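The next part holds the structures, each set out as structure tokens.
Two complexes come next, and they have one chain in common, chain A, joined by chain B in the first and chain C in the second.
Coming up: the complex of A and B.
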């Protein structure tokens, strides 16, 4: 495996944790729909997407392991809340409202599409090749959720207004996906990954195009502030974390 | 976890069937022939097969609930993925089985409504509590193990669409069982606390596993429609014995103790003693064992089990929460959007 200069270790681990933690917790929340989604076929599809996300997270934890030597399960299950670097939108509760789940999925999936696209061009090849592999599946995720946005947006007056309400509810959290991980400038300067300065614009154009076609509107403005990417999380993340760790934490050293 | 139907059948009514057609039908089935949806069949066969497929489908989607509640708490990345995939499989089995039932004349929506309003039933074993991760391990090992034994025989039945579905489901069940076995072995080779977790869960699930196959055989079991028409090919008692022969030695080999337990109304064990009858009977070659608590079994079947209300309430919640989605996009059809 291509060696990464020591100075980039911490910043790259931060970036990898942002991806892995986003995917772990989005998959975690979505997996909770298995058996409860509105239509059996949708249930099966949504569960597959959640499994993809958890598997993608595992792959990123394995990549972190090549740098830190930590076991992926230990990374995934045994950190303190402020050591997780996901954006809080991924654990924002959906109250088993399908519109909420789709809004969350839509904002996150489109964001992930552009993030993985950029990571695919990383000069550190282990990251570039992993991002490329996962990007292919991310395209399917985006297609799937786009289909839902359009069907619910155009479905009926009722489904349109429910979907609009969900998009509005999740919009402020969506902007926090773009909070920069600590040390990312070092990776830009070292040309490890390319500068993603225009990512919000690209994401917003994509989101607007889909929502416009669906007769919906996404009102998301860029924000600054400290949030999940720096380990500062709200109550809903902490609830999800407790649930994630419930069995594992009864004996963190045991094999399960 | 799959659980095929032990649907109560009281269909004597073949009186209206054309005797010649009925004779040809019965001979065809007796010779191992398959019945397809558009073939002539006695109305009682259609009714019974529909009930069986519907009950089985209901069991799959209600069966997804107790395990589904543990997906978010699974203690490793691998277990989390495997459990999600397993529960997803159950939903998929439900989807396939509702298709089978639908071909026999009842819409999926009617079946889902009948389920949440209590008109139709699902397998009794899902009315027991699942309070720990150990229960997840035992369900996948014992209940899926029981389902494989049962469905292995159902795959030799007479209704073509059902047995083809059963063969497909059984391949997935084999994975579920392996997943369960691996989890049980992991716990039983783990810490003392993990072994205790496994034993406590085993105590809760041994009885429901024995009762899984349904009540004891009636004297005329083989003459009843389900067996006469080869919808079922083994009796409840035959399957139960096969299960004990397979699982009693396997459980003991892992260090688990087979107990006879008394439980409270919430399904939790309040006292236990090692099964006094448990031994390999040299004469019969079978394992002798204490029968499950049939009084409890019938009480749970009547709706008074530890979790009947919770399971049905969650299923109803899911149905009602999703109604606006189905109304918006399905417009009477039964498929989800696949294009965009």
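Coming up: the complex of A and C.
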């Protein structure tokens, strides 16, 4: 495996944790829908996509292991709340409202699409090749959720207004996906990963195009402030974390 | 372990009634395990339209096992005898209860003609149970060469019944063995004290 200079270790681990933690928690939240989605096939599909997300997270934790030597399960389940670097939108409760789940999934999946695309051009090849492989699967996730947005947007007056409301609810949290993790400038300067300055624009154009076509509107704007990417999380994240750690913490050294 | 959110479910409200969901059209799905293999009847699903049907088929039948191609069509087209002049995919169920398998393509005037031609071109004197035909223009075809179906980036063994059942059986055996020992000790202690 290509060696990564010591000075890049912490910054790259932060970037990898952002991806892995987003996917772990989004997959965890979405898996709550298993058995409860509005129609049987939607249930099977959403569960299948959640499994993917958790599998993707695990692949990123394994890549972190190659740098830090930590066991992937330990990384995933036994950190303190302020050591998780997901954006809080992934744990924002959907109140078992399907439109909410779809809005959260839409913002996050499209963001992940652009993030993985960027990471697949990383000069550190283990990251580039993993990101490229996961990106191919991310395309399916984006297609899936895009279909939902279009059908609900164009379905009935009721489905359109519920979808619109959900897009509005999640919009302010969506922008926090773009908060920069600590040390990312070092990676740009070292040409380890390419500067993602305009990713917000790409993402917004994509989101606007889909929502316009669906007769909906996503009011998203860049935000500043300290949030999940720097380990500062709200109450909903902490609840999710407790839930996620509940089983693991009964026996942290068990082989699952 | 149930999530806390699940213990406090809101009641569903809205336009979509249970009757409407039950009345969703049925779609028949064929899967091909690897390139060059025969398309086999995989099962059916309920979906409101062709777009949702293919979306659901990709996640449901496309992730059941390795899959390189999916064909999806409204259930009734397979048994229909009417139709128009075009290319039909034809499927044969060799024995009752068996899975329909794709045997080839025929140019036909309608469903009945497709089935007759299927006998002439692909069955001959052999015994068979039923024939299905599907007009090519109505079938939705997804090919993994251009459109990824089965995801192999990460270990997918947990999705496969055989991988899952083996691992789960081992774990249950271990847990049961542990429980048996606990029970024995408990009774042993009761007898002693």
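We adopt the following convention: the second predicted complex is superposed on the first by the 255 of 256 C-alpha atoms of A that agree within 3 Å, B and C clash if a C-alpha of one lies under 4 Å from a C-alpha of the other, contacts with A are read in each partner's own complex, and residues count from 1 in each chain.
The working rule: a residue touches a chain if its C-beta (ideal position, glycine included) is under 8 Å from a C-beta of that chain, and two chains touch if they have at least 3 such contacts.
Since we're looking at a predicted model, the values are computed, not measured.
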Partners on chain A (chain B, chain C) - clash or fit: clash
First, second, both or neither for A:221, with chain B first and chain C second: neither
Dominant toucher of chain A (residue count), chain B or chain C: B
Touched partner set for A:136, first chain B, second chain C, both or neither: second
First, second, both or neither for A:198, with chain B first and chain C second: neither
Touched partner set for A:239, first chain B, second chain C, both or neither: second
Touched partner set for A:152, first chain B, second chain C, both or neither: first
First, second, both or neither for A:76, with chain B first and chain C second: first
Segment of chain B intruding into chain C (one of 37-45, 55-63, 145-153 or 253-261): 253-261
Shared contact residues on chain A - chain B and chain C: 32, 36, 38-42, 44-45, 48, 51, 55, 58, 96-97, 143, 147, 151, 156, 158-159, 162, 243, 246-247
Residues of chain C defined as touching chain A within the complex: 1, 3-6, 9-10, 12, 14-16, 21, 24, 45-47, 51-52, 55-56, 58-60, 63, 148, 151, 153-156, 158-159
Of all residues in chain A, those that touch chain C in their complex: 32, 36, 38-42, 44-45, 48-49, 51-52, 55-56, 58-59, 93, 95-97, 133-134, 136-137, 139-140, 143-144, 147, 151, 156, 158-159, 162, 239, 243, 246-247
Footprint of chain A on chain B - complex, ascending: 61, 64-65, 68, 71-81, 84-85, 87-88, 90-92, 94-95, 98, 108, 133, 186, 190-191, 193-194, 314, 317-318, 321-330, 334-340
In the complex with chain B, residue positions of chain A that touch it: 28, 31-32, 34-45, 47-48, 50-51, 54-55, 57-58, 61, 72-73, 76-77, 96-98, 143, 146-148, 150-152, 155-156, 158-159, 162, 240, 243-244, 246-248, 250-251, 254-256
